[in-house]
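Two complexes follow with chain A in common, the first pairing it with chain B and the second with chain C.
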Partner chain A sequence: MIEVKNLFFKYNKSHEYAVDGISFDINEGEIFGFLGPNGAGKSTTQKILTGILPVQDGEIYLRKERIEKFNNDYFNAIGVSFEQPNIYGKLTGKENLDFFASMYDYPVQSSSNLLKMVDLDNAANKKAGEYSKGMQQRLVFARSLINRPKILFLDESVSGLDPSNAVLIKEIIKELRKQNTTIFLTTHNMTVADELCDRVAFINSGKIVLIDSPRNLKLRYGRKLVKIEYENDGCLNKEILSLVDDKDKQRIVEITKTKLIETIHSQEATLEDIFIKVTGRELG
Partner chain B sequence: MIKRIFFNFLKEVKIGWRGNYFLLTVGIAVFYIVFIQFLLPGFINQNTNVYIFTEIDFEIDYEDIRIEEFENVFFVNDLDELHSKLDKNRESFGIYISGTESNPKVELFIQGNEDEALKEVYKISILNSFGVLSENNFNKVYLNNKISSPIKMNNYMVPILLLTEAVMMGIIFVFTMIFTEKNEGTIYAYSVTPGKIFEYLLGKVLYLIFLGLIFTSVFCVPLFGFRVNYLELFLVIALGSFFSTSVSLIFASFYDNISQSLFSMLALNLILIAPMFSYLIPSFNPPIMRIIPTYGILFNLRNILFSDYGNLIYSDLLVILLEGIVFFLISSVLYNRMIKKK
Partner chain C sequence: MSIKRIISIFRNDFVNSIRDKMIVYLMIAPVLLALVVRFFIPGYENISIKFGVEESLKPSIGAFLENYADVEYFENRSEIYNRIEQYDDFFGISTSSDGNFDFILQGNENERNIEIADGLLNYYSTPSVVRDSLDIEIKSSGKTLPILATIGFIFVILVSYLFGGLTIAFNMIEEKESETLKALDVTPLKLSELVVGRSILGYFMPIVHAYLGVLIMGFEGINMFMLLIITLVSSLIGIVFGFAIGFISSNQFNGITNMKIGLLILMIPTILTFFLPKGAQIFLYWAPTYWSAMALKDLVNVQQRWGNMFIQISGIILTLTIFILILTPRFKRTLKL
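After this line comes the complex of A and B, so read on.
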């Protein structure tokens, strides 16, 4: 559906690349997870794909056709949920949705239905500026669905919500997949990614480290990982090491000999463990 | 396109209403009405002099033509002296009496800055003192040919207030609107819809024109009633507002908050308001003033409000419209780029 080739982006000439040559493609009806720690370049990538930031270098294809300039057809087809809740504080939740709804060229969803869907129907006529952060986030999420988008960009839409609302949003996302919506889902929450995504891309320092389905990743790294917690200069250190990699096996021996080990686990690795293993970095 | 412009406009009206901008606009208008009506004097110089040259040698009851507030009645010896006195004092007027006692001719020399009521009083009292009440004996002579009936000083200030408030209100409002939206990030949410940036900006322009017209109505109807051509007045205010809003959109695009932009905002205000000096001091009229687009707006407002100055100059309006369009197009380009930069 969407294919990205060698995308680069710098905010400033002197800065390093925020997006450093990434390539991936997302199949139609797929939920594609974009995972990485703070500052990895996730939001930057989403902003380039939604036309907020320019394409400095690289190519974007939509259904095999190169996009030179984002046009109305594209904006009519996409929905975007932002990391920061960006809504009109002086307008009510319903007015916010109705305003954005009036910008589309095709019939849109009813704002009342959307508000009900994200459990904001009680606050529909309250000024959005008086919403809590989680409510604003759900309003932004609802807004991204207003034009029944074929491609949906979600930047941290599930993070920061209380458990029941997180479940609510996740259910909506699963429902959207059933309707064949293509979803680009940015998060630094591995559990969310694990639960929702068909495939995930690990991104770190502007580069994609690997792309695979959560299932394959766990099969590949699965039980072959151990998590060792040990004391080092009074601090608790944590390392995730492979039981098949020679260097890692070496390291395990070294730690057991020289450090005071607190715990060793060889339980099934989570996506988070795998991420740390692959990138050497903790998630934010 | 029209639909999206309309909904952008409607959004601004709602936000403006809730931000009490309408109340503020009406409040300022009411304040200026009070200011104009009660605090500004109708005339600065109350010592209007009256110069009389009479060729008829007979007793005039001077007391008849002396009015308490205006003590300064002078008799001069010939017509030349009368004219030179009038030249020296622009607020004075002259009376020239000729003919015969039974059929006197009274000529009133008017310069345009005198009180209308006062002239009536003089006219009646002079005719009275000859025992003649016929208008036929009375003749008004307008000096300098260009000015005629007087405009009270306080009313003369109205075009300036229309310029600073109705036309230039947009400046400060545009800055606050743009900064709020940059802060809220709503401009980015808008940019991922099919809505165009020019439609978004036009919504703001129309809203500020709307506010300007509200100010104009609330302000002018109580002061002038309906003897003003409001169609022309609204046209000039709308074009002026379009122009000043477009210019401020450009300026606002360079900044993120009020304190950063304070200097530019002030400078912009000062430049656009400068033609006021030419307006208040007619002899101060350097070409540079006439280049400032608000010059045309100010003087056309005067022409509409006070019938004695001539008509609305449509070529001025065309120039303002074209300038407005150019600045608006520039601002559209700038905002398109700004969104793609952040």
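After this line comes the complex of A and C, so read on.
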């Protein structure tokens, strides 16, 4: 559906690339997870793919056709949910949705249904500026669905919600996949990615480290990891080490000899463990 | 261009504006200003004068004065005195002992009105041959609009279109700060549609204010079609001003600083229009607000002519174009991420 080749992006005053030559493709009807710690370049990538930031270098293809300039066909077909809830605070929830609904060239969803779907029907006529952060986030999510998008970009749409609302949004996302919506889902929450995504890309410092399905990743790295927590200068340190890698085996011996160990778990690796293992970095 | 989206933008701006106390104040301010001007500055009405004439003088001087002013008749001199006691400018004429007439004043009348009344009486005493040659001059003397009323009206319109611009600027800055602009970026909305839709508010307010202003201030004989054209073209000043502030300001704080500087630059030429001698006015030609003020001044004084107005309107458009040409590269620089 979407193919990205060698995408680079540098913010004006910065010396480093926020997006540093990434390539990936997203299949139609797939949920593609974009995972990485704070500042990895996830939102920047989403902004380029949605036309908010210009393509400085690299190529984007939609259904095998190179996109030179995003046109209204594209904007009519995509839905975008932002990481900062960006709503008109003086308008009610319903007015916010209706205003955006009027921007599209084709029939749109009813705002009342959408509000009901994200459990905001009781607050429909309240000013959105008086919503809690989680409510605003759900409003932004609902807004991204107003034009029944074929391609949906979700930037941290599930993070920051309470458990029951997180479940609600995840269920909607699963339902959308059933309807063959292609979804680009950005998150630093590995559990969410594990539960929802067909494939995930690990991104770190603007580079994609690996792309695979959560299942494959866990098969590849799983069951052979131990998590060791030990005390070091009064702080608790955590390391995840492979039981097959020679260097890691060496390290396990070293830690057991020199440090005070608090816990050792051999475990079914989570995506989070794998991420730390692959990038050497904790998630935000 | 999609009309649906343009109207949506206008409606959204309007609703956002009337829910903002500050902007509501900006919308009401010109109306308040018009009311203030109306009540503290004499318009035509206060200049028109009234005479109280003794019955016996009705066929002679009474009949003459009726041509120029309101005349009431009274039985005798003491009734005239009673009427003069009242607040307004009322002049009494009664028979005098020498068979001629006396001119009675309370002493607190407007100087200008005394002059007019005095002029009329002198005129009555002049032989009729001379009188005919003076006719026109006296009639028009009660018709000139006081300079303060002119300035007042011009300020009502000026404030209206500049505040219309500020409303545009506030809405834009808020969209930047709340990042709702980004949400609009990913819809089919085009920049041109946003600009056109947003400009409607900048036209809408000054037109309402201009007609309300004329109504409140009780001006007579104004060409309403000319008023519409001058207001529409003048509104462009506010719109360009508003978008300029909106583009260069990234938040409310520096937005307000930019607004103050902008207002100063645009308002000063209007004030100077009334105080600089004619020869020095050439130094104001760069200011679109100067041309707008001149056009309005001629209009409310019922001296506006189409040809003259065309020059003044061209002045507005030309100076604005130059402003836009100078500012565009700056916008482009600040818009770049």
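The rule is simple: the second predicted complex is superposed on the first by the 282 of 284 C-alpha atoms of A that agree within 3 Å, B and C clash if a C-alpha of one lies under 4 Å from a C-alpha of the other, contacts with A are read in each partner's own complex, and residues count from 1 in each chain.
To be clear about the criterion, a contact is a pair of C-beta atoms (placed from the backbone, for glycine too) under 8 Å apart; a residue touches a chain by one contact, two chains touch by 3 or more.
What you are looking at is a predicted structure, and each value in this text was computed from that prediction instead of being measured.
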| field | Fit or clash between chain C and chain B when superposed on chain A | value | clash
| request: Based on the superposed arrangement, let me know which partner A:Asp105 touches: chain B (first), chain C (second), both, or neither? | output: both
| query | In the superposed arrangement, which partner chain does A:Gly280 touch: chain B (first), chain C (second), both, or neither? | reply | neither
| query | In the superposed arrangement, does A:Gly39 touch chain B (first), chain C (second), both or neither? | reply | neither
| query | Both chain B and chain C contact which residues of chain A? | reply | 50-54, 72, 75-76, 78, 80, 82, 84, 86-91, 95, 99-100, 102-105, 140, 143
| task | Provide the residue numbers of chain C that touch chain A in the complex, in ascending order. | result | 2, 4-5, 8, 12, 15-16, 19-20, 178-180, 182-189, 336-337
| request: Sort out for me which residues of chain A touch chain B in the complex. | output: 50-54, 72, 75-76, 78, 80, 82, 84, 86-91, 95, 99-100, 102-105, 127, 140, 143, 147
| Of all residues in chain B, which touch chain A in the complex? | 3-4, 7, 11, 14-15, 18-19, 184-186, 188-195, 339-342
| said: Going by the contact rule set out above, which residues of chain A touch chain C in the complex? | reply: 11-12, 50-54, 72, 75-76, 78, 80, 82, 84, 86-91, 95, 99-100, 102-105, 140, 143
